[in-house]
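Presented below are the structures under discussion, each in the form of C-alpha cells.
Look at the two complexes coming up: chain A is in both, with chain B in one and chain C in the other.
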Partner chain A sequence: MSTPAILVTLAVIVLAALLALLMIPVLVWLERRVCGLIQDRLGPNRTNVFGFRLGGVVQSFADVLKLVFKEEYYPGHISRGRWLFIIAPMITFASALLAFMVIPFADDVVVYGEKLRIQALPIDYGILWYLAIGSVGIMGMILGGWLSHNKYSLLGALRGASQLVSYELALGLGVVSMILTYGTIDFNAMVHWQSDMVLGFLPAWGALVQPLAAVIVIVALFVETNRAPFSVAEGESEIVAGYFTEYSAMKFAMYFMGEYIAMNTASAVIITMFFGGYQLPWISTETLREHFGAIAWVLIVVLPVAVALFIRWMKRNNTVRPTVATDGGRNFETKILSRVLIAMTVVIELILLILSFLPADSVGTSFAVTLLQIAVFVAKLMVFNIFFIVVRWTLPRFRYDQVQTLGWRYLLPLSLLNIFVTAIIVVGVAS
Partner chain B sequence: MNRPKIKTVPRYNKETKERLYLPAIFAGLKITAKHLFTNLSDINAVETLEYPEEQPTDITPRYRGLHRLTKREDGSVRCVACFMCATNCPAQCIHIVATERNDGIDEKMPAVFTIDTLECVFCGYCVEACPCDAIRMDTGIFSVTGKRREDFLLDRDRLLSHHNAFGEDTSDA
Partner chain C sequence: MLETLFALLSFFLLAGSVTILLARDPALYTTGFLAVMLAVAGLFGLLDQSFLFLAQVMVGVGAVVVLTTIVILTINLKEKELPKEPTRGPWLVLGALVIAPFGWMLYRGLVAATPDHFPVLKEGFGTVQAMGSVLFRDWVLPFEILSLLLLAAMLGAIIIGKKEQSYDLES
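On to the complex of A and B.
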C-alpha cells in the first residue's frame, strides 16, 4: 500500500469510529429533546459550557461524567463470575460497534491505482458480517440477565433472547430476498444497484423495489435493537428494568450506549439496503464525478440559503419568552454561532468554487465526491435515527405474546412468501 | 341443559385495515410529527414554564403553601398555645412551648412555635384544627429551600413574618 492509501484507510477507520461513538451523546440528546417536543415539553436545555448550550446537547456529556464518577456497585450475591458480569455489557457494546464497521460511507476511491473501500472493515460480505456480529449483542444481554441472580433480570434476558430468535428468522429471510434481488452480499454493490432507476423515473431504492421486504426488515431491526415498541426485554412497567436491573454506573452506561449504537447501526443498514445508501437519488457516482462542476454550483447556491434559513430559525427560537427578564446568554450564543456558521459557509463556498473548475478526472474531484457522499450518508443516518426516536415515542409497547404472534405468525410467512415471489421474478427476468 | 353463563365480549378492529396495523402506525406518526414540527418552529409557544425565571401564576387561595401565624389587630400573635394543631398533626412536626401572657389580651401565648418543614406533609390539618384561626397556609410559598437542616425549621418570628399572598388579610379583622 502506498502512503496516501494508508492515510485514507486510517481516516476511514477514524471516521467510522467517530460516527458510531460521537453519535451516542447526540442520539441521547435527540431522544430526550424530540420526546419532549412531541409531548409539548422542552426537554433538557439548560446545561451549558460558558453560555453555549448548543440546544442542550451539553447535557449528554454531563450525564456521561456523572456515570463515570458513580460508585461501582456489585450485588452481594454475585460471588462467582463477576468478571463475566463486567464483560456482559461490553459484549453488547462491542458487537453493536463492530457491526457498524462494515457500512460503506462512500463509493470506492482509486488512490494511485489502488481501489480503496470507504468502509472501516474493507470486506465484501458486509451483510453476513452484520447478521453474524449484530446478533452477538444478545449474548451480553443473556449473560447480564443470568448472572444478576435476579428473577426480573432473568425474565428480561429470556424475553430478549426468545424475541431475537423469533425475529432473526424474519430478518434473515427478508435479507435473503434482498440478496436475491441485488445478486450480491456486498453492501457497496447493493448501493451501486440502487443507483439505477426503475420504471424510468423512480430511483431503484430497495424500499421501492421490495416494499414488503423493507417493512419486514425494518420491523425486525427494531426488535434487533431492542427499541420500542419491542422493548419487552427492558419492560420497566412489568419487570423493573429487565436484564440490566442490577447494573449501575458505567456498566449500565455500556448497555445504554450499546443500545444507541445498535440503533445507529440499524439505521445505517436500513439506509444501505433500502434507501440508496450514500447515494443521492437519481445520481450515480459516475454522474457525480463527470458533472461535479454543475453539482458544485448547485451546492454553492443551496448552501447559503440553507444556512440563512437555519440562522433565521435560531434567531427566532434560541430565545426566551418576552416576559422573562434574563435570557441566560442565548442572544450571545446565537450571535457567535451565526458568525461561525457564516465563516464556515464562506470557506466551503470558496472550496466548492475551486473544485467546480477542476477537471472531472482529477484527484480533487473524486475526493470531493467522496466527501459529498459521506455528507449525504450522515444526513440520511440522522433522518432514520430520528425516525427510530419518533416511532419510540409514538407507539405503546407490544405485549409479550403479541410480539411473538407478530414474529411467528405474520412476519415469518410473509418473508417466506416474499422470497418465493422474488425468486420467481428474478429467475423469470434472468431466463 | 345447564350451560354456564358465558358472556362473549365483542372483539373490535377486525377489519383488514386495522389488522394490518401499519395505517394506524402512520396515523400515530403523523400526530407525533405534527407536534414535533409545530413546537420546533416556535419553541416559545410550548406551554412549559421556564422556572425559575417564570413563576407559576395558577396558585389559588386554597393552595396549601408555607404556614404563617396570624396576628391580632394590635399586631400581637393570635395563637393561644392550645396545642390543638400539634396534637392533630399527623407528621408531628409542630413544636410549641407555651408561656403566660401578661398584657391582658389573653391568658396564654406560644414562647416557641416551630414547624419542621422537613417533617411536614402539608396536609393542612393544623389549619383545620385551630380554634382561633391563628395558623394558616395561605402564603402561596411553594418552594422551601435551604442549605442546612436548620434552615427548614420555621420559628415563631419567621412564621409571623409571612403574609397572606391573596388579597386582603382578613385574619386580623
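On to the complex of A and C.
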C-alpha cells in the first residue's frame, strides 16, 4: 500500500470510531432535550464551561465525569469472579462498537490506483457481520443479569434474551428478502443499487422498493437496540432496572453507552439498507464526480443563507427571559459562536470555490465528493437517531406477551410471505 | 502478525476448553464456552473462510451459547449442589492418554504429511458466494435431507414439550 492509501485507511478508522463514540454524548443530550420538548419542558440547559452551554451538550460531559469518579460499588454477594461481572458490560459495549465498523460512509475512492473502501473494516459481507456481531451482544446482557444474583436482573436478562432471539428470526428473514432484491450482501453494493431510479422518477431506495421488508426490519432493529417500546428487559416499573440493576458507575455507563452505540448502528443500518446510504436522492456518485463544480456552486449559495438563518435563530432563542435582569453570559456565548460560525463558513466557501474549478477526474474532486457523501450520511444518521428518540418518548412500553405476539404471529409470517413474493418477482424479472 | 493472532486465538481456545473441563462455577465455564466458540470463529477467519466464520459466530455464539446459557441459568445451578467427583483427576489423565494416539494421527496426517507445500487458494475461496454455489449445485440433496432432519428434531421437541397435557396422538 502506498503512504496516501494508508493515511486514508487510518482516517476512515478514526472517523468510524469518532462517529460511534462522540455520538454518545450528543445522543444522550438529544434524548433528554427531545424528551423535554415532548413533555413540554426544556431539559438540561444550564451546565456550562466558561459560559459556553452549547444548548446543554456540556451536561453530558458532566455526567461522564460524575460516572467516572463514582465509587466502585459491588454487591456483597459478588465476592468471587468479579472480573466476570465486569466483563459482561464490556461484551455488550465492544460488540456494539464492532458492529458499527462495517457501515460505508462514502463510495469507494481510488488513491494512486488502489481502490479503497470508506469503511473501517473493509469486508464485503457487511450485513451478515452486523447480524453475527449483534448476536454476540446478547451474551453481555445474559451474563450481566445472571452474575448479579438478583431476581430482577435475572428476569430482565431472560426477557431481553428471549425477545432478541425471537425477533432475530424476523430480522434475518426481512434481511433475506432485501438480499434477494439487491443480489448482494455487501453494504456498499446495496447503496450502489439504490442510486438508480424506479418507475422513472423515484429514487430506488429500499424503503420504496420493499416497504413491507422495511417495516419488518426497522421494528426488529428497535428490538435489537432494546429501546422503548421494546424495553421490557429493563422495565423500571416492574423489575427495577432489569439486567443492570446491580451495576453502578462506569460499569453501568458501559451498558448505557453500548445502548446508544447500538442505536446509532441500527440507524446506520436502516439508512444503508433502506434510505440510500450516503447517496443524495437521484444523484449517483458518478454524477456527483462529473458535475461537482455545479454542486459546489449550489453549496456556495446555500451555505451562507443557512448559517445566517441559524445565527438569527440563535440570537432570538439563546437568551434568558426578559424579566431576568442579568443575562448570565448567554449574549457573550451567542456572539462568540456566531463569529466562529462565520469564520468557518468563509473558509468552507473558499475551499469550495477552489474545488469548483478543479477538473472532474482529479483527486481533489473525488475527495470532495467523499467528504460530501460523509456529510450526507451523518445528516441522515442524525435524522434516524432523532426518529428513534421520538418513538421512545411517544409510545408506551409493550407488555411482554404483546412483544412476543407481535414477533411470532405478525412479523414472522409477514416476512416469510415477503420472501416468497420477492423471490417470485426477482425470478420473473430475471427470466 | 498472523502468527501472533493465531497464537492468541489458540491460547483462548485452549484456555476456554480447559476452563469448561475444570471449572466448577457455572458462570466461569459459560464464559469459557463463549471464548472457545469465538476463538474457533477467529481461526476460521484466519483461514480466509468468511462464510464459516460468520456461521460460527451466528450459530455457535448467537444460538448455541445463548440457549445453553439460558438453560444453565434457569435451572439455577449452585456450586454446592454439584455432585462430588473424587476420581476426576485420574479420569482426566486416563482420557488424555486414550486420546493421545488420535492427536498423533492428526499430526501425522495433516502437518507432517504436507511439510511446506500447502495448496494455493483459488480466487473467492471460502466466501459466502462460493459456499452457496457448492451447497446448492453439488450438494442439494444432502442439504435438503439435513433440513428434514432438523424438522424431525423440532417436531420431536414439540411433542416432548406437550407431553404434560395428556397429548393423544390417535385422536
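Just so it is clear, the second predicted complex is superposed on the first by the 430 of 431 C-alpha atoms of A that agree within 3 Å, B and C clash if a C-alpha of one lies under 4 Å from a C-alpha of the other, contacts with A are read in each partner's own complex, and residues count from 1 in each chain.
We adopt the following convention: a contact is a pair of C-beta atoms (placed from the backbone, for glycine too) under 8 Å apart; a residue touches a chain by one contact, two chains touch by 3 or more.
Worth saying up front: this structure is predicted, and the values here are computed from it rather than measured.
After superposition onto chain A, the modelled positions of chain B and chain C are compatible, with room for both.
Once chain A of one complex is fitted onto chain A of the other, the partner contacts of A:L42 are limited to chain B, with no touch recorded for chain C.
After overlaying the two complexes on the shared chain, residue contacts for A:N331 are found with neither chain B nor chain C. Applying the stated contact rule after C-alpha superposition, one finds that A:E168 touches chain C and leaves chain B untouched.
Within the superposed three-chain model, A:V390 lies in touch with chain B and out of touch with chain C [touch as defined at top].
By the touch criterion stated above, A:V34 is placed in contact with chain B alone, chain C being left untouched. Look at A:Q402: by the touch rule set out above, it reaches neither chain B nor chain C.
Here the vertex is the CA centre of chain A, and the angle it makes with the centres of chain B and chain C is 110 degrees, a multiple of 10.
Put simply, chain B and chain C get as close as 26 Å, counting only Cα atoms, in the superposed view. For chain C in complex with chain A, the touching residues are 25, 27-28, 30-31, 34, 38, 50, 54, 57-58, 61-63, 65-67, 69-70, 73-74, 127-128. Across the complex, chain A meets chain B through its residues 34, 37-42, 215, 313, 316-317, 319-321, 323-326, 328, 390-391, 393-395.
By the touch rule above, chain A contacts chain C in their complex via residues 80-81, 84, 87, 123, 125, 128-129, 131-136, 138-139, 142-143, 146-147, 154, 157-158, 161-162, 165, 168, 185.
Those residues of chain B that touch chain A in the shared complex are 22, 25, 28-29, 31-33, 35-36, 39-44, 46-48, 50, 53-54.
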